[in-house]
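What follows is a group of structures, each given as structure tokens.
Two complexes are shown next, each including chain A; its partner changes from chain B in the first to chain C in the second.
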Partner chain A sequence: MRTYTQQIAKAPLSAQFGLFVICVYVFCALFAPFITPFSETEIIADAYAPADASMWLGADNLGRDMFTRLIYGARNTVGVAFATTVLAFLIGGTIGMLSATVGGWFDQVMSRTVDILMAVPQLIFALLILSVVGTNTVSLIFVIAVLDATRVFRISRATAMNVVTLDFVEAARLRGESKLWIISREILPNISAPLIAEFGLRFCFVFLFISGLSFLGLGIQPPLAEWGGMVRENAVLITFGEYTPLLPAAAVALLTVAVNFVVDWLLHLSSGLKD
Partner chain B sequence: MNVLYKILAERIFFGLFSLFAVSVIIFFAVELMPGDLAEAILGQSATPENLAAFRKQLGLDQPAFTRFFSWLSGAMVGDFGVSFANQRDVADLILGRLSNTLFLAALAAVISIPLAVTLGILAALYRNTLFDRIVNVSALTSVSFPEFFVAYILIYVFSIQLGLFPSMSSPNPDAPFWDKVFSAILPVMTLVLVVMAQMMRMTRSALINLLASPYIEMARLKGMKQSRVILFHAVPNALAPIANVIALNMAYLIAGVVVVEVVFVYPGLGQLLVDSVSKRDLPVVQACSLIFAVTYITLNTVADVISILSNPRLMHPR
Partner chain C sequence: MTQNTNDLLLDIQDLHISAFFEDEWYEIVKGINLSLKKGEVLGLIGESGAGKSTIGLAAMGYTRDGCKITKGKVLFDGLDFAQANQKERRALRTVRIAYVAQSAASSFNPAHKIIDQHCEGPIQQGAMKRKEAEANALDLYERLHLPHADTIGFRYPHQVSGGQLQRAMTAMAMACKPDLIIFDEPTTALDVTTQIEVLAAVREVVNEFNCSAIYITHDLAVVAQMAHRIMVLKHGSLVEEAPTREMLSAPKEDYTKSLWSVRTLQSEVRRVTPNEVPVVEVDNIVAGYGNVQILNNVSMKVYKGRTLAVIGESGSGKSTTARVITGLLEPSQGRILFDGQEVASDYRKRHKDDLRKVQMIYQIPDTALNPRQKIKDIIGRPVEFYLGLKGKAKEAHVRELLEMIELDPDKFMMREPRELSGGQKQRIGIARALAAEPELIICDEVTSALDQLVAAGILKLLRRLQDQMGLAYLFITHDVATVRAIADEVVVMRQGNIIEQGLRDDMFTPPHHEYTELLLSSEPEMDPDWLNRVLHERKLDAETSY
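Up next is the complex of A and B:
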């Protein structure tokens, strides 16, 4: 634990800023009901009522408190994006490492399938599948997780390939260890650093993707507060010179920048470059 | 030359194969739906007789493979069937919108490519200066911003506060060219900002990678000016990665156009796709996805072909 705090203390300012922002978002997501003055879907004022002492940012298109929904958005948007990324890594990472270990026809079939899935723009693919299965949060998570797992497959397979050829994996094979043991005890610990950095990047991508879909009205559905959806619902206010509808979008951008800062730092650490 | 042809043929074959695979996926994704199209359109209350008659009318009594090939052969000659929502020919719905979208994408490409390459070269030339820093930071920021955020910031600044450009953009097909450009200026600016960052960074890093090579060192030692070293010695060798990232970003433009069209209420293919997804108008969704996917795959294949062709080691094998 002390080494972690030391590492963070030595991190560049941008990474410390990034970590701080991430902590704030996580705090908001976890304790949303305690921070916010109202509940997520409670109608407390007229539509688009201006800001006053109790509503710092005014009311939205249905008269709900904008500040409250902004905080709840952390829970919904970040939560769903996080769940999706974790699922994508479970699927893509497992199959990728398995492909590298097993090789042969399994690897061929998986790699070619991923090539073809990656030949279609992700947004178009997601829209096609969502129009078939319908837009709800569960299918959203699964569809995006599967599509994103293709990218995770590529990187985990490529990094695992480098490890598979090393002597200690060969030794484990000769000892007669099972495939699962080799993957979890020999390969995973050796590729965890690039995978963690990739997790950050994939999270950013999924996060932008989900808020983009919600902005199009095809992602997380109302009445749940979602940053992309909030921009869409209140976009009319922008034409009256109000900046409040831009705040949810800024929240998306700030978290993405923060995660990128931390990822840059992690990549720098894991590449062994010390300055 | 044989090796080159073999690699090219392989790449083009893979492109064609993915096109076929994608059309299979687009067609059969719809088949996965619980129930079938007839039930989806007529709803719960339909009688079995009605359903049977409607299935026959849609051709759903045929096996899926027969329908797939008739759909595909129809799509090849521009016949995408009939929309569920308003019973119009999908081809009619698409045609005008496709040219609007192409207009937007072409304008964005014409502006962003020269700008990005120039800025990338300048950033490599003035490496580690304030200019380079600014280029890098703005590239990172624009990658992190959702498209709709960039779009609304532009609307807020240029349309609401300064009142320079229209915030909604629906070009009149009969309007003169420059009027159309003027009304599309904010969507185009958004797209340019979104795709430029990566092209710029790639140009810069492709050039900087080369600057460490011995022949660049040689040119420098001869006393050549830095700008001449970069423009005449480094740039020609960096063309492959630059061409590649340009084609990739043009492909990205195709998808990015969807969100931008929705923000600016621009009557293009992307907006049609989004509307049709929320209405579950499947023939239109299929047709739009197919057009987007074909464009994307074609651009990616072209990118790979360019990078293969621009590799002199493959052009002149020993």
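Up next is the complex of A and C:
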């Protein structure tokens, strides 16, 4: 068994780059208050003030430091996206594996419910529910998690189905093991590779989704810094040939690309291909 | 047979092949010399991992992904494959060299009709036009004695049986009358009664077309019927090579002799005393899936310390009977009794102690063990679950179990299943069953996925454990030799019915039921004339019955 460091050392350059970028983002998210020169909502200059020695990236539409808000954006956007994805996997993964294990009417009910949820376009569905329940961070996380759990349900059910039919699962059933044991000890370890890859991919989608919702004004609410929202707030500047609104957009793009690099590598590892 | 022509068709000289595995190159074929004359059939035998298939593929100038030829030459009719380019090699395949794989069911494309797949090769190689190829296919189906030869080609692969598919694949290989055919375990996946038909058909056509063949198998009795000459391989090296009759009558090497002796295992029959209560009894079981009824009024009893063997072709309901006993399949009629007490027919409704009493050992050791658990956890779980042992006591018990199955606890406790060989995995499966301290162990074809030597080891182990602990076995198998080695009583099943049952020795001495006779006579023997004799006898029977 090779250690993780050795595996990373042997990974392709793209995956190493992706891992590095993700580490930088996580560092920013965790230590935002220590890195940033100002506080998140502090107004320090005129609106749209140009960059100078104290404000490396200039000020935004209300005169807040762009650099500070970008770093805090990592905390808010990435944090919320991460929490949402974890929740989606807890819900979708558990029900998916349970469906595969129990089968019968439970599986039918769950699968058809998921079909119905997936039949409505996700963005429209999210907009609808969010305008009903109100747009605070908690409801945002729950709504997107439930909608995304449908996709996780599908993949975990499908992969678990392949494992459930194997003899060692039958042996565990005949032994009289509980469903919890069968799911957590017999099935989950054998489908973790595709689930981890899916986690990376799902995280990207959720993260883009939240930025998109924020751009529309329904995501993370001001004054919290959020990259999608920041693009909208500063969109006017684009007409003056300023690059400022592109910075949060670039932050979104870079992380998406980085995560995908890592996911590609993980998928390659779990597929067992040798080249 | 034109053995006396001296022209060499295939000449392999000092062949070395390496395989890439976990960052290292391993030599899997170590200097093999092989020559094959026109019209000659060469048998390659050995355990798995002996390099048989690798050599077979190398004879076509091909290596699997992750393998490479490191040294040596493969000359086919004077052409050196190493020098030839991809195009030249490809031109030879189908037309002059053909290959018949082990599992026809997984080698055919399920989305195309059989005849379309037959015609594809010859047409692509430019050897035949569509019409010619079709006529050729129909002719070959006839020669290989496929039923409904004129229409069977227009079915899809899933619409014909495994034995028929294997013959269709042989027909495909024969399409261009190749000079060399490589048979890679073509009958291993078949029942004995089907195997004999395929063997007879293959031999007839090979003789008729005067092709050379390499016949790869791990079954000596089969190769004895097919080959003129036999090469015994072990770990990629040659052990012994001799003409078939010489090899069978006077094997020289110890390894070859040990392969020979496996078939002769035999046990003493232990009779049941009157008034003994069976450990497990099934009484008049009727069961099926959906509307399809699989079992009709099946009754059988297994006694403490005895082995009941259930024998029959695939689809005869052997495994379904096991599923009914374990409670995975609820019968629509009939009772299941443990120690004379009726138990629930659904395993979910059974008491934990009843679940403990019956344990299973599975056919395919790879899927029977969770690949993500260590050996100590696989065996430790039933110990903890049923006996309530934890920590040190549990570990000590697992060690004891490992010693019982003849594996060193210090070496194996911390390993994962993928680090074990097939035979070792099967032993772990046995240990897991033993850990529950059961009364009955259901062995579902436990030796059929293993090499003969390894299988013999498993059978001996099972017998020793039975003597020590008084276990009862329900032994499901399609192999007569296995029955001879382990059974006290035998049940013969066919299409969900019990044809005959009784003490093994009574069953194996004539007179038999007609079907039992067919089953017993289909079991290949180590005599090279066996196939001729059986076919001759059956022909006589068929003629007299008109």
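Criterion: the second predicted complex is superposed on the first by the 273 of 275 C-alpha atoms of A that agree within 3 Å, B and C clash if a C-alpha of one lies under 4 Å from a C-alpha of the other, contacts with A are read in each partner's own complex, and residues count from 1 in each chain.
The rule we apply is simple: a contact is a pair of C-beta atoms (placed from the backbone, for glycine too) under 8 Å apart; a residue touches a chain by one contact, two chains touch by 3 or more.
Just so it is clear, the model here is predicted, and its values are computed rather than measured.
**Student:** Please work out whether A:Ile116 is in contact with chain B alone, chain C alone, both, or neither, and reply first, second, both or neither.
**Tutor:** first
**Student:** Name the chain, either chain B or chain C, that contacts more residues of chain A.
**Tutor:** Per-residue touch count on chain A favours B.
**Student:** Which partner chains sit in contact with A:Ile124 here, chain B, chain C, both or neither? Use first/second/both/neither.
**Tutor:** first
**Student:** Touching A:Leu166, do we find chain B (first), chain C (second), both, or neither?
**Tutor:** In the superposed model, A:Leu166 contacts chain C only, not chain B.
**Student:** Between chain B (first) and chain C (second), which, if any, makes contact with A:Ala235: first, second, both or neither?
**Tutor:** After superposition on chain A, A:Ala235 lies in contact with chain B alone.
**Student:** Go through the superposed model and pick first if A:Thr77 touches only chain B, second if only chain C, both, or neither.
**Tutor:** Once the two structures are laid over each other on A, A:Thr77 reaches no partner at all.
**Student:** Determine, under the contact definition given at the top, whether A:Thr94 touches first (chain B), second (chain C), both, or neither.
**Tutor:** neither
**Student:** Once chain A of both complexes is superposed, is A:Leu174 in touch with chain B (first), chain C (second), both, or neither?
**Tutor:** second
**Student:** Can you list the residues of chain A that meet both chain B and chain C?
**Tutor:** The answer is that chain A has no such residue.
**Student:** With touch defined as at the start, can you tell me which chain A residues reach chain B in the complex?
**Tutor:** Contact set of chain A toward chain B: 115-116, 119-125, 127-135, 204, 208, 211-212, 215-218, 228, 231-232, 235, 238-241, 243, 245-246, 249-250, 252-253, 256-257, 260.
**Student:** In the complex formed with chain A, which residues of chain B make contact?
**Tutor:** 14, 17-18, 21-22, 25-26, 29-30, 32-33, 140-141, 143-149, 152-153, 155-156, 160-161, 167, 251-252, 254-255, 258-259, 262-263, 273-274, 276-278, 280, 282, 285-286, 288-289, 292-293, 296-297, 300
**Student:** Please give the residue numbers of chain C that touch chain A in the complex, ascending.
**Tutor:** 20, 65-66, 326-328, 347, 350, 352, 355, 358-360, 362, 364, 367-373, 381-382, 385-386, 432, 436
**Student:** Mind pulling up the chain A residues that touch chain C in the complex?
**Tutor:** Against chain C, chain A makes touches at 166-168, 170-171, 173-177, 185-186, 189-190, 274.
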